[in-house]
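To start, the structure itself, in structure tokens.
Going in written order, the chains are labelled A, B, C and D, and every chain counts its residues from 1.
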Amino acid sequence: MPELKIGIIGAGRIGRIHAENIARFIPQVKLEGIADIKLSDEQEAWAKGLGARIVSRDPGDILKDDGIKAVLICSSTDTHADLAIRAAGAGKHIFCEKPVDLSVPKVKAALEAVKKAGVKLQIGFNRRFDHNFARIREYTLAGALGGVHIVKITSRDPEPPPPAYVAVSGGIFIDMMIHDFDMARFQAGSGITEVYASGACLVDPEIGKAGDVDTALVSLKFENGAIGVIDNSRKAVYGYDQRVEVFGSGGAAIADNDLPNTVKISSASGVTGEKPLYFFLERYKDAFINEINAFAEAVLQDKPVPVSGEDGLEDMYAALAAGLSLKEKRPVTIAEIRASYREK
Amino acid sequence: MPELKIGIIGAGRIGRIHAENIARFIPQVKLEGIADIKLSDEQEAWAKGLGARIVSRDPGDILKDDGIKAVLICSSTDTHADLAIRAAGAGKHIFCEKPVDLSVPKVKAALEAVKKAGVKLQIGFNRRFDHNFARIREYTLAGALGGVHIVKITSRDPEPPPPAYVAVSGGIFIDMMIHDFDMARFQAGSGITEVYASGACLVDPEIGKAGDVDTALVSLKFENGAIGVIDNSRKAVYGYDQRVEVFGSGGAAIADNDLPNTVKISSASGVTGEKPLYFFLERYKDAFINEINAFAEAVLQDKPVPVSGEDGLEDMYAALAAGLSLKEKRPVTIAEIRASYREK
Amino acid sequence: MPELKIGIIGAGRIGRIHAENIARFIPQVKLEGIADIKLSDEQEAWAKGLGARIVSRDPGDILKDDGIKAVLICSSTDTHADLAIRAAGAGKHIFCEKPVDLSVPKVKAALEAVKKAGVKLQIGFNRRFDHNFARIREYTLAGALGGVHIVKITSRDPEPPPPAYVAVSGGIFIDMMIHDFDMARFQAGSGITEVYASGACLVDPEIGKAGDVDTALVSLKFENGAIGVIDNSRKAVYGYDQRVEVFGSGGAAIADNDLPNTVKISSASGVTGEKPLYFFLERYKDAFINEINAFAEAVLQDKPVPVSGEDGLEDMYAALAAGLSLKEKRPVTIAEIRASYREK
Amino acid sequence: MPELKIGIIGAGRIGRIHAENIARFIPQVKLEGIADIKLSDEQEAWAKGLGARIVSRDPGDILKDDGIKAVLICSSTDTHADLAIRAAGAGKHIFCEKPVDLSVPKVKAALEAVKKAGVKLQIGFNRRFDHNFARIREYTLAGALGGVHIVKITSRDPEPPPPAYVAVSGGIFIDMMIHDFDMARFQAGSGITEVYASGACLVDPEIGKAGDVDTALVSLKFENGAIGVIDNSRKAVYGYDQRVEVFGSGGAAIADNDLPNTVKISSASGVTGEKPLYFFLERYKDAFINEINAFAEAVLQDKPVPVSGEDGLEDMYAALAAGLSLKEKRPVTIAEIRASYREK
């Protein structure tokens, strides 16, 4: 079997997930190196334990290594674009965690560099690889739903992030709903043309003070004529609520939450089952594996990546449009956002 | 539309249900008379309010009326057989609540009279007409399950009857599980050949003192080679638990309980839905209507009744076999029970 | 038991439902009269069969009868307001099918007349009395959901109406979604302040030619700060899709569709259950009974009606705002609509 | 963290599962050696790839290694008892796949050797560690079900084994239902006292020719007074059907099957979801990990193993009793089986 030799830049939470998944579950990928500018002794031992040949505080050690064909950029968001440009310059294929950057021009610069270098770039929208959501898309592609009319996405976190995080997060649309914009485009099989956002601060007033909302609902129009809606909450007391519904001329497909077990207990007070799996690490465990497998296949078989840099840019436009819509209390087209960056 | 003119004997709970169902929901049946040997003033007013032409304390007033073509025998069990014989003698078609009698010879005598008179006799095993259980049977008859291999019936009451009732009830197999024996034969599409009963007194020691068990499990063999099991409890704290499963070479059909509503509430302590509908009046509300409609059609269109007197006798044999099995701690064949009554 | 003597004006589909429900299931209401300006012989026989004392082609015969204390207005929409005014003038309490009128000034005139006469007016938003949706509201009122943050309503019909009907229906918001606006206000426990509508003609181009959309999604803001969304389709191939979800600080309550039975069949191709109950007659069967019982109680016990004329007016404002939003591609406040009618 | 160094004997399917689970998921266990008397080159490479220090065709190489503290016996059933005796003699703790042997005296000899050596022996009844079934037991232990009254176990395979396998398997009770006897004792929290078995050959006549049944139902009595039932089929067309229900004085807990995803598709022909996970490798994936973790904890912390050699023997008695019951068409007590081996 051909094997993709990769290096990982960034040994934080998501970097570790990818590294361990590759070591355990992804035989077609070989972990050659791990770099983190703040690599701790503990991280160093961990990286060596996984069999990494290069363990370093300098991402350049990964980028300049001839044996490494692809990099996973898992460092902090503000470093994504620069690292992507450097990696492209070094001729490495790139898997980059979302978002590429909070600044559209920097994203565009990275995409330009990738294009020029002729390398592949996949963005880490892992939810497309979820067993439930991928199954819905399969139904749609198989024609089981007919033409898509309505896409509905529910996405609620079990706990809000700390207000300090909220302040630098780019806001709920960039930080949280961007996943759902990507899911919406994926399920609709079509680009978003317009959004209208409602939002409120109902969970934690501190989030409001940080200039953000914690509850949001965005209605969507798609290029293919379908319509849709996404709702987000920063706090669902029953856990991570991740559901998708696609309704079409031939039927509807609905994905419910995953549960830790199927047991239902019938008692004098009702019939009770489990709450959803707690958060994204539990829910999207397999999706993280699947997305790396898909990236490896795209590189090894020279196929298009399933989530391109352009996808990441489109999702960002949708998030920016939602933010503007909320601020100006009007529907905002993606064309308007796109145009605003063309002029700059 | 042809109309079946009927009289009801017995104005207790089940008689009232049938009378009101006929008045409200069953246009092809006309309620002509109601008789109850202990008819109260309140019952008399109620019966007249329903439009009954004959309201009497003498069942004979029903039986001798030429306009009435069929009777519903809803009086106490000990009067069923005699009334059935008298009704047959009067040329009336008969719908008789279960059981026909606790004594096999009396049941046989009633069946003989019915046969001789050439009238129809349907026994009130209403559960065959339940929307869930009838749907399973439809699947089986349509071939969707292939050949039937295993039949599983769960039947648990929300509350035990008073010990005084238990003492005269004939025991759990005659009083409660007889419905399930009928369901088992209905779903298997085949007679029962052998039973083996386990039982225990786990709910209420008073039931044990009355000579009965309150928890029972009976394994079944059917003529067609299928096997099965019924479990009964006199008390499920979560309400009336009525489920059926039929497993065959082509698949399985499972009927879950009916609920008062579909709402599920997700909270920090789990996802909770409603308990099953409380008891047989709620659960089998429509089944009581459906069985009378089926009886009326059998009479009006001169078709076989869906639950015959022979069915009632077979169910009783199964119940008696289960009682003997429990007592003697051995499997008991229906043939053994049947033979024991042939000799007598 | 005190009894409410009523007359019904209009013997079409909904009039017949109410009449038969009253005769069968609602002992506290007595059906005294039925009038329909086009009463057929068949309808006359039916009305007499139900025991109506007055059967007439002149609604005035109902309105002038001293024995009748309340009327159910079930005639065509264009007659509702006039009949309500006449009934109020005659001192009758009024149950009026929705909408009171397609013209706001006519609705206001009717409400004015009702107010002046001091009679009660209940609007036929039956879904508030559905066992599922009422249960959600009970949870909310009991505090089980905490404060309401998001309300989501799915409402899809099994078949579109004929294009000819669509042309005179007032459009999808007035004709179909008005039920959902009422449900939204009911579940939020709060008025709607703003709507933003998306719509498309995806089911039947003839509906588009008639000037309407057949697929619509409206996002909502409520006075209490909650947000919401309603989606409608004129055609769901799997039947009548009626679901509600309320999400709050303490949890979420979700009502799924009602099914004709609980059976699931497991076969080589999956595990399949029933489609939802076909349409509103099946789904809201009990809700039609419950709403008349609630009306009778409001009158007999001199309590406020559960769905007032003002509710009907608010729902209409929401529908008009949605129509304007769709047309002008902008969010529209209820205040704007309300103001536009104040000036006139 | 203390670490348990183990060797695996047998590199067939189950040996590979344990070896890979240990390498990937069980940090507290270190795989030191793998031996298989028929080790292929491919297996050798695989074993070395997992980091095994000892890779051999001689189990003795594992047993004599001082660094290895425990062995997993995953070889063919006929070698289990001898290897267990040798391992005990070598002072190794033992995890042994089920059954220890098909011969009770050989099982007893192995248990005797284990006892004498003072080592731990855990039997591979992995289903006790299933997330669903373990959850039910937790409910029972927490008192949520009150006293246990009825235990129901459904266990059906997706495909029958080849008839040649059936002929040497020991029969359905030893080969297949033994897992369910163990589950029954686990869920009842009590030993089995009596079984009554029904069986039929309904799936494949070749199984009948091999002297076995392919469909079986066994009713159970437990020491604590509870009753139960197990049903088995060698072929469920919809896949691996593994369900457990425990009913008690305080309620019921029911575990449904696991599904590959939660998607339900509503179409004109019904609402369809996925079939259960295909077979035991998919369904009990995590249970295989959990049981090794539990074994490691028992050894490292010197606690009792969760499934002892005596458990294995009790399960075998139940299976033998079921076989005798089926043959002699009578209920058979465990005491009778136990006594029959005492005499020998």
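We adopt the following convention: a residue touches a chain if its C-beta (ideal position, glycine included) is under 8 Å from a C-beta of that chain, and two chains touch if they have at least 3 such contacts.
These numbers come from a predicted model, not from an experiment.
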From chain A, which chain is the farthest off, judged by mean CA positions?
B
Note to self: chain C rotates onto chain D (CA fit) by an angle, in degrees and to the nearest 5, of 180
Averaging only over C-alpha atoms, locate the centres of chain C and chain D and give their separation in whole Å.
58
What is the distance, in whole Å, between the centres of chain B and chain D, each centre taken as the mean of its C-alpha atoms?
42
How many angstrom between the C-alpha centroids of chain C and chain B?
41
Enumerate the residues of chain D that touch no fewer than two other chains.
236-238, 241, 250-252, 266-268
Counting only contacts in the complex, chain D reaches chain A at residues 24-25, 131-132, 135-136, 139, 144-145, 250-258, 260-268
Chain C - residues contacting chain A, complex:
146-147, 149-150, 152, 154, 156, 196, 198-200, 202-203, 215-221, 225-229, 231, 233, 235-238, 241, 247, 249-252, 329-331
Within their complex, state which residues of chain B touch chain A.
236-238, 241, 266-276
